[in-house]
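Chain nomenclature is as follows: A, B, C, D and E, assigned in order of appearance, with residue numbering initiated at 1 for each chain independently.
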Amino acid sequence: MIAGAWLCLLAPLGGALLITLCGTRLPRRGAAWLSTLSVFVAFAGAVWSFFGLRAHGSEHGSVSTAWTWLQSGSFRPGLSVLVDPLSTMMMLIVAGVGGLIVLYSIGYMDGDDEERRYFVYMSLFVFSMLLLVEGGNLLLLLAGWGLVGLSSYLLIGFWHDRPTAVAAAKKAFVMNAFGDTTMALAFFVLIAHSHSLDYATSFTTAGHLPQTTVDLVALGLLGGAAAKSAQIPLHTWLPDAMEGPTPVSALIHAATMVTAGVYLIARTHPIFEQARTIELIAAGMGALTLLVAGLVALVQTDIKRVIAYSTMSQIGYMFLGAGIGSYANGMFHLMTHAFFKALLFMAAGVAIHAVAGEQDIRKLSGVGTYLPWTRRAFLAGALALVGLPPFAGFFSKDSIIAAALHAHWYGVILWVVALAGTFLTGLYTFRLYFLVFPGEPTAFVREHHHAHGGKEGPWTMLLPVGVLAVLSVIGGWLQFSPLWHPLTNWLEPVARTLGVAEPTSWQEGLSSGLAVALGLAGIAVAYLVYGRGRVAVPRLPGVQRALEHKLYFDEAYDALFYRPAASLAAWTRRDFEEPVILAAGPDLGEAAFDAGRGLRRVQTGLLRTYVLFLGAGMAVVAIVFLVVR
Amino acid sequence: MILASAGGVVVWIVWVLAGFACLASGVAVVSFSNPFYSALALIGNLGALAVLYLLLSAEFVAAAQVLVYAGAVMVMFLFVIAYVGPEQETPWVGGPGWQRVAGVLAAAAIFLEIIVAIGLKAGGRLRHSEHVNAPFGSPGWIGRLFLTDHLLAFEITSIVLLVAAVGGVILGAHTKRRDALGEPG
Amino acid sequence: MLGPGVAWYLGIAAFLFGIGALGVLLRRNPLIVLLSLEIMLNGANLALIAFSRSAGNGAGQIFALSVMAVAASEVCVGLGLVVAINRKRLSMDVDRFSELHG
Amino acid sequence: MTVSSFTSLLVWLPIGAALVIWVLPLSRYATGSLAVLVSLLEVGIWIEQAARFDFGRGGLQFSQRGAWFQDLHVSYHVGEYGFSLWLVGLTVVAMAACVGYGFWVGRQRPRAYFGLMLFLTGATVGVFVAQDLLLFYAFFEAMLIPLYILVGVWGGPGRMAATVKLLLYTMAGSLLMLAALIVYGLKVGTFDLVDAPPSASRWIFLGFMFAFVIKAPLFPFHGWLPETYREAPPEVTAVLSGVIAKAGTYGMLRIAIAKFPEPTSYYRTLILALAAAALVYGSVLAFRSTDLRGVVAYSSLAQSGLIALGLFSGTSLGLDGAVLQMVAHGLISTSLFLLAGMVERRATTDQFALLGGMARGRPAVATLLMTVGIVSLAVPGSAAFAGEFLILAGAFQRAWWWAAIGAGAIVLAAMYMLRAISGVLHEARGSLVRDEALDLRTGELALVVPLVGVLLALSAWPAGISHHSFARDAPTQAVRGQFK
Amino acid sequence: MISTPHVDWFALSTILVLLGSSGLALLGAVLVPRRARRAFAAAVAAAGSVGGIVTSVWLYVDSASGHRVVADGFYRDRWTALAQVILCGTALATALIAFEHVGRRDDEHVAEFFALLLAAAAGMAFFVGAANLMTLFLSLEWFSIALYVMCAIDYEREGSLEAGLKYLVVGSFGSASLLFGSALVYGATRHIGFAEIAQSVGRGGLSDDLLLVLGLAMIVAGLGFKMSAAPFHMWTPDVYEGAPTPVTAFMASATKVAGLLLALRVLQSAFPQEAHLWSWAFAGIAVASLAVGNLAALVQRDVKRLLAYSSISHAGFMLIGLSVGTALGARALMYYLVPYAAMGFGSFAIVAARERELGQAVTLDNLAGFGWERPFLGVAMWFFMFGFAGLPLGGGFVGKFYVFAAAYRHGWTWLVIVGVVATLVSLYYYLGVVRAMYMRPAEELRVAAVAGGAPAREPLLHASVGMALAVSVGSLFAVQPLIDLAKHATSSLPF
């Protein structure tokens, strides 16, 4: 099973290196298939280690170390993989969904003149993500954490001659670097106290740290998680990240990377449980995000941005779940979300692909008539997202909401917010659906679609969509909290659900009922407003402007951080570096030169001056001698 | 005793005269604007010095002073002065003002330092001086010294003179042949 | 010894030395500069003779005699230079020789 | 020839080769290939030496001692510790690449040029292996001579001012060091770095530190840096920032910290503050630089600050990380400046305003610049990350805020380095980037790829250095024992 | 009846050899036909210098125990012998370059020039061994007069005459004050022999005697003039610039050697009781020389003047070694002089070569491109410049190290600091010369185009520059042997 884990980890890396080294000697198609193959091999490895773990019995996760990666004195983190229920689950999700998406990209990226680079980046990303989830200690986790940030930077900026893409990529990287930094600081605390970053050691250390210290550690980790998972206030990079190719958005910014925060909380929950306050802050952060994202999603006009905001809001749910302590449900929602969100993105991708890259929903409307299967797939995804039974979202989301209700007074607040979220979800999701798919195709759609050739898309694109559609229907049946919960059991040894997050059955029932009802309400409103156009959109210009400006987060950051930094730098160069530092030396030299010129004036060339100096010098020496003796 | 004291008085008188002549001629040398007169004044100065040397019972030096210096050297001087021709148009003094002031100050300083040193010492060992016997300063005595204790000094002096002679020839006498060759000087 | 003590002679010597120095410091005619140098040397000579008298040994007188020779040779070279300068029709003014400076 | 004479060989082989090159009237091609050959030979010798090096054992190895002048107990004493071994390796590898670059671009007046480059190699190796104060000083100065001429003759239009600044600044430092080392050596009665006992004199310490702080450089003393890095020929700038600057930090470790424990702890806060200042200041200025070289120049100021932070944190983590970071950053900035030179050869400028869009159709330059740039901003998992992580972890043990400042600076690093990369590679094509501007040629790849390869290998196993720099991997004991 | 003193001819052998060859050269001036004169005289001069080296080396080996000879008028010891070796070496090098570089218009007085050169060398060789004030003064005049003439020997150039006159007048003033000082010392102690002076000062408790102190002050001034230390340095730049360059080279190295070594001997053997006076005085003079020499050199354009000022500053450095008045200081001085003499001579020789190919005075501007046109001379020049600056390309590095060490041992750390700062300042103009030779852009190179044709082949000049280069670089590696020599030489001084 360890072998499976290594295979899983190294296959994508091998694929990336192979494509890089072969360069143009490898045909584009070859590169594409090689990368796909590598990811599917990784999936095979994941399956292998999953069954291996099943065979051993899931309790004892096992670590295997290749070599000591970094060593200084007693601090010696190894290059090691960890196979335990949590990591295998993530491996399966990442490699599986990843494989489908890479396969999808073969069709989507066909004809781009830098396909090879794209697939190298894709494989590199899958490797980094797997390193993140399999890493046997916090340092490797941080390494994977940074590498996924890197590959997301590379992929967002893939079309590097678009300034917007480059800017978005930089933004994403810098924000994630901030997250990495806070995590690193948290790790420094652990190192200072235990000289180790192994999970076990760190968790025991966290046990007997002073409360403030452990709070700080948890806060650092939370910073990383929030940055990676685009939670308020570190969320602004995610919508911009939609500049990347759609499969990238599906893979990185929906299915896998952005959910790493949830994985981190689940993985390091012992630390978070020592710092309950911080954990609840995480939950609150999730709640806030799901609400705000849902609101903003209402007014977006870019199909991918809408989905991106819904992603934020769904991750909000996961944070909420993990924050209050029902890690299993968080992870469960992570999985289902991976299915249906990837599905939504890829279906949207098919649409976009069909109309030559147009993403504005107002121009896209009616595209569904030409793309019946895509339309159905999208619908499935949408329903799963809203969380109607029997679609996947229903099972995972409602259990989170229910768990919230159970958790003390603050849980109730979170519960209310979560329910409000479901209404918004229904609203913005079906706003999108009604605007894009049904109805008369616009002229724009018509011409581009005919230009496109009338097909729905190559099978490489349709197959993954189909698979995911199926998964987002049945994927949720894996666990139905009141009745059967294999996933929770599976994760038990690694991430035991806290008592406060174990809802009673009536709570389950109440939450589910309300959630479904509110979801339906949202859909209904959307239908009335956008589907039939019976009801006009309420006129709230102030609110709308605020929402269209995404609540002015970007503007605020620009004013708070970027501009001050830039002007500080400019000031330093203009008013300190150049006049002081660079000029200091020359000024001193000039002084010496003046002295030299003075001496030069004394050197008159007159014989008598010279004699005078000789005589005067003698006289002075004589006087001194006579006086001193 | 009387003779001694009388001798003392005579010596004093001679000393005063010679010393005055010496100082006066010295000042004259420096202050004449015509080098010819200065040279003449220097001859006087040398003569006066010779007298002082006699008073200090250095007969041979005095003689040498008169013969070598006042004789040979000054003749050379006068010859050159005549050859060059008196240069009245040369300003007596000039150059920057601070130069002049500082010059006077420096010279005065040197002079005063020596005077002070001597004056403060005059009470001490300078007052009494060794008693010397007859041959002191006599040519034979000098010659003996030159051949014994100060042999090297004697030899070196001759070398110095030789070198100077060569130098004088190179610098002073080169032009004749060039003129003979009719080249511009 | 009869008459004034050595100190008095030294006074004269000092005066000669000083006045010679003054000449070198002030005068611009090379010939007179040379003459002033001679006076300085003679001042030194007088001091030597005087000391030799008071010390009662002959070193001073020998010294003085060789100084005369040295003075003569300096004069010889100096005059040679003067002649050479005059040959080049340059003016007899040391201040004119100031193209080397700075 | 015994094993221990390898060290001397590393020092004198290139210098001898330089003399040969100056004396023999060889053709341009022969001269260049001879120089490249010699520098590769250096690498070979070093590898042999590293293979024979006994990392388990502490203390000096490959040491050799001969009389220079006994009168004041000055001797010719060379040898290597673990960390000096790595720095020597950095030197020979980087110099080989730079000599190769000079050969590739066909510098004018090849005999003078290659002779000086080899001389520089020898002198720099000498600095890292000298175990006698005066010998150390001699090599420390000798490095400047070829640098002065290399920058002054083959440099850019502003080279005159640049060279004068470089020389006067660095000499100002090293002359004070001369005074300090005279006082120290005479006080303790020997100039031998191994025998000399530690001293508590703060003045002497400051004298030494002044030289190192200028060489490294740290914050207020970097006046020579921007101009020199901009005017020097790219490969010389590469050597300067990649290798020569490390001589300063090496001196801090080998002399200032090891021989002056009391003053070190007395001035620790001050120096840490300077280091942090260099780190932040350099990052901030790099963030606003308008040209590639400017960015890299100021970033290496920041890196020196970081290394000093690790050294003076006085913790094992910090020291290990500092050594690792010295090597990593040496490789990084060498390859970055070489790449900058290659970009300049194609676009005749390194101004971002005139560059851009180079990635389109030039995969090699894009890949290499991207890789090195990414490593240099310490993306987790890279060698630079390992070094910085250790350094900051060490600094954190000294006081949390040093680590906080450093971490903030690393975010800045991400900002300026991405800006630089995009400025060259991405967005619309720059006005001076013509279609004729080709991708990297094989020769150029042969120069940079090995460096990058070493860098990636180091990223796969940073422990290789961090674990093998000090005796028994106990840096603080080694320092306390003054590397006896 | 007259018991003439025993004359130790071997002690004087070096001087006699030099004098003899000088006389031979002088004969050549009249007997040898004009076209062969230059070759003949130069050959004689070279042979004489080599002979001088041989004899003085022999003398060094053979006078382990120093003592005075010829009626206590001259020291036969290793200090003298070593100094004589250096002096003869300089004389040899000068003879070599003078063959190609003196009086090129016609061979007038060329033989006399070599004769004077040898005479001057002989004078210095005697000067360094002088054992009493009288021989000191006389030998001083001996080589000074020879030098006056040599400065002015290019009498067709007004500059040469001016240099000669200035040197003559200032020099005579200096020696006059030296003389008066000697007189005062003689008056105070009734002796002229160094050892006797020290004895009688010791016996009579004269250490604070007014006349003695005043005389010492005047002697200090006179010697300071010879070693061209500030404030007695004013003549140096003018004379160095005006004199024919080979003469300048000779003066720059030989005069300093003689002046400094003799000064150390006089002060140590005659005025040990006054050390508290003269060591401070020379420390002050050293500081003044360092300041003046370096600062003034910063603004020079004419290379000969620049080097003149640099020689003033080096006098300052060496005076540090002298002023501390310890055996270590003496060693430092003796060691420092070796590379300094070589570098000083070599740099002026190179200037001479450039002067010849330009036919005009060498300035920093028309030095441009020289390094590339004449590779060997260029490289030699930058070795000399960096060596002067104290970078480890030559013995200058160790020399500075030594004098600073001596200063510190004496407890004068402040003097070390001064020296360090001075070195820093000096760096600027030394680098300036290298910059001028190598780094000027092409248009300036055209400005400084050579007068015409390929540069003259100057084997002898190259040989002498090579010699200087070998000495200055070799002295960096062969420190120990040189120090041993210096040690033995110092042992013959009373420390």
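Assume contacts are C-beta pairs under 8 Å (C-beta built on N, C-alpha and C of every residue); 3 or more make two chains touch, one makes a residue touch a chain.
Just so it is clear, the structure is predicted and the values come from calculations on it, not from any experiment.
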{"item": "Intersection of the contact lists for subunit A and subunit D", "value": "E"}
{"item": "Set of chains adjacent to subunit B and to subunit E", "value": "A, C"}
{"item": "Required steps from subunit C to subunit D (each step between touching chains, minimum)", "value": "2"}
{"item": "Distance-to-centre winner among chains (Cα means, whole assembly as reference)", "value": "D"}
{"item": "Chain of greatest Cα-centre distance to subunit E", "value": "A"}
{"item": "Maximum centroid distance from subunit C, chain identifier (CA atoms)", "value": "A"}
{"item": "Pair exhibiting more inter-chain C-beta contacts, A-E or C-E", "value": "C-E"}
{"item": "Distance from subunit B to subunit A - Cα centre to Cα centre, in angstrom", "value": "104"}
{"item": "Between subunit C and subunit A, distance of the C-alpha-averaged centres to the nearest whole Å", "value": "98"}
{"item": "Computed distance of Cα centres, subunit E from subunit D, in Å", "value": "43"}
{"item": "CA centroid of subunit B to CA centroid of subunit C, Å", "value": "6"}
{"item": "Multi-chain contact residues (two or more partners), subunit B", "value": "95, 103, 106-107, 110, 113-114, 116-118, 121, 126, 149-150, 153, 156-157, 160, 163-164, 167, 169-171, 174"}
{"item": "Residues of subunit A touching at least two other chains", "value": "589, 600, 603-609, 611-612, 615-616, 618, 622, 626"}
{"item": "Multi-partner residues of subunit E (at least 2 other chains)", "value": "134, 138, 141, 145, 148-149, 152, 155, 164-166, 169, 173, 180, 184, 187, 210, 213-214, 237-238, 428"}
{"item": "Chain-chain contacts as defined at top", "value": "A-B, A-C, A-D, A-E, B-C, B-E, C-E, D-E"}
{"item": "Subunit C to subunit B touching residues, read off their complex", "value": "1-23, 25-29, 31-32, 34-36, 38-39, 42, 45-46, 49-50, 52-56, 58-59, 61-66, 68-77, 79-84, 86-89, 91-93, 95"}
{"item": "Residue numbers on subunit E that touch subunit B, as the complex places them", "value": "2-5, 7, 19, 26, 70-71, 73-74, 108-109, 112, 115-116, 119, 122-123, 126, 134-135, 138-139, 141-142, 145-146, 148-149, 152-153, 155, 164, 180, 184, 187, 209-211, 213-214"}
{"item": "Residues of subunit A touching subunit D in the complex", "value": "20, 23, 67-73, 75-76, 117, 131, 139, 142-147, 149-150, 153, 157, 160-163, 166, 169-170, 173-174, 177-178, 180-182, 184-185, 187-189, 191-192, 565-566, 568-570, 572-573, 577, 581-582, 584-586, 589"}
{"item": "Parts of subunit D lying in touch with subunit A, wherever the complex brings them together", "value": "165, 168-169, 220, 222-224, 226-227, 281, 284-285, 287-288, 316-317, 320-321, 357, 359-360, 363, 367, 374, 377, 379-381, 385-386, 389-390, 392-393, 396-397, 400, 403-404, 407-408, 410-412, 414-415, 418-419, 422, 425-429, 461-463, 466-467, 473-475"}
{"item": "In the complex, subunit B residues that touch subunit E", "value": "113-114, 116-118, 120-121, 126, 144, 147-153, 156-157, 159-160, 163-164, 166-167, 169-171, 174"}
